[in-house]
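Paired with chain B in one complex and with chain C in the other, chain A is shared by the two complexes that follow.
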Partner chain A sequence: MPIICWIHGWAMHLDAGRHIGKDSWLVTGISILLFLGFLAAAGPFLVPHDPYDISFSPLRPPSADHWLGTNDGGMDILSELVFSLRNTVIFGVTAGTAGLVLGVVTGLFSAWAGGWTDQVVMRLADIVLAIPSVMVLILVAAFFQPSPVVLALVLAGLAWPTTARGVRAQALALKNSLHIKAAQRMGGSGRYIIARHLMPELFPLYLINFAAKTRMAVFMEASLAFLGLFDPGEKSLGLMISYALQYYYLDIWSNWLMPPIMLLSLLIMGTTFVTISLEKMFDPRLRKTV
Partner chain B sequence: MRIRGKNWSTPALVYLAAALIMAYASFRLPQLLPGDFVTAMYAGSDVTLNAEQAAELRAFYQDTQGFPGYLRNLATLDWGYSHAFMAPVSQLFLQALPWTLLLMGTAHVLSTLLGFVLGVEAAWRRGSLMEKAGVGIMTVLEGVPEICSGVLLLLVFALSLGWFPAAGAQMAYADHTFGQWIADVLHHLALPLATLFLAYLPGNFLLARAGMVMVLERFFVVAARAKGLPPLRIRYAHAARNALLPMVTRFGLRFAFMITGALVVETIFSYPGLGTLLFNAIALRDLPLVQGIVLFSSIMVLVINLGMEYAYNLLDPRVGHAS
Partner chain C sequence: MTTQIKDLTVSYQDHDHALLALDRLDLVLQPGKITALVGESGSGKTTLGKALMGILPENARAEGSISLGSAQILGLDEPSMNQLRWSQVAMVFQNGAASLNPVHCLIDQVAEPLVQKGIVRTKAMTAARDLLGRMGIDADQAGRYPHELSGGQVQRGLLAMSLILDPPVLVLDEPTAALDAMTKLFIAQVIRDLKSAGKTILLITHDLDLARNLADAIAVLYLGRIMEYLPGTDLVDRPCHPYTLALVRAFPFMDGMRDLGGIRGDAFYRMVHAHARENGRTHAHVHVAAPDAVHQGGHAPPQGCLFQPRCTQAVAACSIGDIDFTPCDTHQVRCIRGGIARILSFEKVAKSFGRVKALAPTDLTLMAGEVFCLVGETGSGKSTLAAIAAGAVVPDQGRRIFQDRDMDTWMKTDFASLAPKIGMIYQNPAESVSHRFTVFDIVAEPLRIQKPVPDPETMRARVLAALADVRLSTAPEFLKRYPHELNMGAIQRVCIARALVHAPDLLIADEPTSALDPSVQAKVLKMLLGLQIEKGLTLLFVTHDVGLARKVADRIGVMARGTIMETGPAARIINHPKQTCTKMLINSARGMSSQSLASIPDYEKENICRF
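And then the complex of A and B:
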């Protein structure tokens, strides 16, 4: 049922199919993400080796058995690559989803409650927004060495204010519109109006914010892993780049260093294309002119 | 607090609260660790502590004076001692800071200036092949993270072609005159600077272009054209200054990204700034050093963002009156 509401909300805003088909950036971005999503989801069942298997001879060039050769620990690079992509994607989606849910809930709550509650929540959002999230993540990771999921949730706990602000602003505008007033006069409860009117109508905002947050989280994950803040046994694109970079002067950079770089760039490019085209599509100021 | 007739208390209070929260987290987090974490942490490190040093470190993390005392220590540059580098944390921080400021500052100024001019010109030539190509290239560049562009530049220009050094900020033990020293520093700066420039440029370009496109539709631009003013004057004296605002407002949000990128780029090129220092501190599990860098970089970010807020109010007086 909620899905039907959401699709309904989507259709209320614009004729979705027509716009999506026309924007080649969006089509490219979604295609890249679908491809990488498939690789991350199905890849681990397709690759020939266990990425933790260290029984092969190390630093071998590509061969029929190891398409991308082996790394310094004698692990199959192709298998490692697929598992790394999977972990990076999981981190991004976890942080993106959690941050989005937190932001939407606080934004709607704040707008609907109004008054003092609204003031307190929004000042809190200002403060959290001012804190540079990468520094908090470094501190937490250095002291507690938590699992990536915990770090993703910490990141979400720092990334919600942008969404909350956007959702609140739109919800405030909606709150005073005639059809919401009508629903209130007809006796609709606050919960009913939030669930059936406000939430579905803000659907485009969720898409934009989810794409932007996932992009940020993937960028953070790769950077933090590269800086050595993740468990060194973990598979991650950032960690792979960091290990391979130590051997950059050897000839194996083309099969060890380049693949994770390409996948990470593709992943961030895909989310960037989607974010930019969605922002363009739904920004009320730009819509007329674009 | 009122400066120039505008209410300043709210942003200043927000940033002060954020700074206090960061300081409190840095003060409290070590105490939440279970057991004897000093031994546990340094067991996995390359640094071996003797009994006296370990006791000293434990005393450093023992809460004897509470949060106010901790703040007093921070204010007097007493940030602890790094056993990995055998030096006070504040000294290491202040040694690395100029290099980071040089790198990030230059990259930021160059990318803002060029991004702004290119964005304004692109918006002016809206619909032309050049504009479309420009937007396309910048959108693709926006999708390339610093890790990737940095490693590629390192492979091509330092390793393959050998045009630029792969590490460091200056030649060690070289007997340079002042002019040679400047040239040497710039030579070392080139690759990390290019990486950060390529990372910051697309965002500035896209923001400036989007802002300018909207400004160009306004009536005062139409009026300026109707008066027959030269195009260059319309573009910059009339329109472009209004396109500056979105770039300033988005700065705070982009700054956190910029910092993360700079940490990574410094590490890739072993540039002796805060990023490389932090990387080494993490690798050696030098906790006081990690804490010092994190806390004081955060405070600097907060101060810069507060300054931007002030600049924004000067640029657009409407904001001050609205709030």
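And then the complex of A and C:
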């Protein structure tokens, strides 16, 4: 219910239809994401073959039965592609959501508590921020070979500080605003003020951070898979690229190598476009027309 | 001649009911002293005058005693009363011209009591002419008929008539009502002369200005009971009873600065009933009734303080038992709270923000039901003081006492019960509300914060009532509006509604109108002051605008250098400032040039404020 309130609250400020319709970046980004989202969600039911079915003859060029041909293991590439996309999106969204929640909670907590708590939490954030996340992920993936979801959570555990910092900075500025002081004077508890005043106010930050984190996670997942640090039995866009590259001397680039690269690029582009236009929308300084 | 009124109860029989005009009234009138009887219409002032003259109407029933020297007036038969009347006690009636006979000329009517006493007519006429002459009515005017005379002349004629037999006790019922200021001054001088001549004078008047100038003692009457008995000089500056304060606030004194404020609610009259109960016995009781009230059988008689429904500081105990006099200062007040209560007091409260000393040790007392204005330049600590009063800032040192409880302990242990008692209005209305809240949400916020949260229907009713109080729409469409869709004046009204939704006892307004243009400011202020009267609020009003403060305040506190330099009644502060910084502030507000500022002596030496 509160979420509906917030969105409703934002809609009134944005005059949603007018703004969103005018912003071609946002329109493009959202269209791409909707298309990919649809593909990831509904694709597995539409594809002609089981992606794990290895009964087809390997390395066939595209045909009526296999639109994108088959790979070295005799699997249908189109089916594999759709399943890979789905896994990549799930990884991205999981890491993005977890990172966002972690960041927002620590940021708000830190800002509201202030004093020593704030100092400790923020120094912790600095330390985490200083750790090169790729290296940590490579090590974790290599040593523990965790499931993709666990890996996504580890990524979130490394990615929260930027969100936390942003949220804290905004919350600190808001904390001194008159309406929050007024609510405090009326006897409003910290919980009440965070829930009713601070959290809704930070809504744009959530969107921006979620989009940015998801983009980063998608890219990270592809990189790790490409490096071969993923369970080879899993389906992932990065893994597909990695496998396809092993056969680069064959004429497979257009039907095997190209499609996962295209989808990955589209996914990253889509989230990037949405992030950029959201930042513009909520930061008046970046907005060209008022 | 000392006149003693003891336990006087007068009621007027009206079919099955009786109207209670005076209730157990005690009053002593001393020779050479003027005692003024003030109070709203219907409080029983004239009834007392009539009782003293022994001219209560047929349906009146009087109990108690009135002794005029050695003579008992009450219950005296008509012939002996006639002996006393005019010779021992005389009265100037209200509504002058009506009490003169239109077919006789003035001098005849003035001489009549002498003639009645058996004095030769020519002598009587000479005496009357002399007396009228002393009242400023020449022989020509004295020979005219009442309708040929002006109101002032009639009034002076009546005064002469009451004095013709040189009675030691005089009852003057509204002697100056409907007179212009010059005539009033003349009559006042006559009354003063009579006082020095050793007469015992009872002055019945609405005119508080006359009362405070003439009277040695003032009795404030409300629904037949004396609420306060005070020295005349204290009337304006130090009233002790909330009713006296309200009367003073309602009176247009020449040096009054504040816009007039009435007294909330209405007083009607008190009825004595006797009607049958279920057990067949009759049951007499008294209650306050409005003229259009329909009597319902079996209700409880009123208890406690008569003024309680209109009082600004009523507590539960006010409606229990019979309230007796308690001393307050040199006054006697009929108030169980011992007169006007302190709602908030500061003792040596100080606050620093880091190295900045925002507030030096400061004392402050807010009385219930008053409007106290804090004025001063920016940075003088006004807002800090207001924030400390509101409980938004904790002082470094000093004690805060709110409604007789230590505020700091109260805040620490149970802030939730303190917060709704203090409402706050901020300087910047648009920022003091979340732009994400609708009008309804804004006004309902204090209710939502307070536990237990009322059920939706009660909440809605209270929000609508608060919005109606501030004269805003209560239409469903309006409730759904967001602050950015409203103008500043409307947002500030919404903020006021939010501050009032818990029915606070103290309202703190920090520059509430500085973000508004003058016309909106005027409207919002008028409404705010109206609410202050209506709700019986105590208002702490912070402003840098002295011009505004004098229109709003009962008392003004002038701040400079982080402390209150001077406090006093608004009129005194504005007209006769004592401290240099007050003078500077008022002079700057009057737009005097810097030269005249420099001409104020000694400000360097006094080193009180930084001007």
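FYI, the second predicted complex is superposed on the first by the 277 of 290 C-alpha atoms of A that agree within 3 Å, B and C clash if a C-alpha of one lies under 4 Å from a C-alpha of the other, contacts with A are read in each partner's own complex, and residues count from 1 in each chain.
We adopt the following convention: contacts are C-beta pairs under 8 Å (C-beta built on N, C-alpha and C of every residue); 3 or more make two chains touch, one makes a residue touch a chain.
This structure is a prediction, so every number in the text was calculated from the model and none was measured.
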Assess the superposed three-chain arrangement around chain A: do chain B and chain C clash, or do they fit? fit
According to the stated criteria, A:Phe109 is in contact with first (chain B), second (chain C), both, or neither; which is it? neither
Output check: A:Phe282 vs chain B and chain C. Expected answer is one of first, second, both, neither. What do you get? neither
Given the touch rule stated above, what does A:Ile268 touch, chain B (first), chain C (second), both, or neither? first
Should A:Tyr247 be classified as contacting the first partner (chain B), the second (chain C), both, or neither? neither
Would you mind checking which one, chain B or chain C, touches more residues on chain A? B
A:Phe143 in the overlay: touching chain B, chain C, both, or neither? Say first, second, both or neither. first
Which of the two partners, first being chain B and second being chain C, lies in contact with A:Arg185: first, second, both, or neither? second
Gap in Å between nearest CA atoms once chain C and chain B share a frame through chain A: 18
Where chain A meets both chain C and chain B, residue numbers: none
What residues of chain B sit close enough to touch chain A in their complex? 10, 14-15, 17-18, 21-22, 25-26, 29-30, 33, 37, 139-140, 142-148, 151-152, 154-155, 159, 206, 210, 213-214, 217, 252-253, 255-257, 259-261, 263-264, 267-268, 278-279, 282-283, 285, 287, 290-291, 294-295, 297-298, 301-302, 305
Provide the residue numbers of chain A that touch chain C in the complex, in ascending order. 6, 9, 12-13, 177-179, 181-189, 192, 196-197, 200-201
Please give the residue numbers of chain A that touch chain B in the complex, ascending. 25, 123, 126-136, 138-140, 142-144, 162, 216, 219-220, 222-223, 226-229, 238, 241, 245, 248-249, 253, 257, 261-262, 264-265, 268-273, 276, 285-286, 289
Residues of chain C that touch chain A when the two form their complex: 390-392, 415-416, 418-420, 424, 426, 428, 431-436, 445-446, 448-450, 482
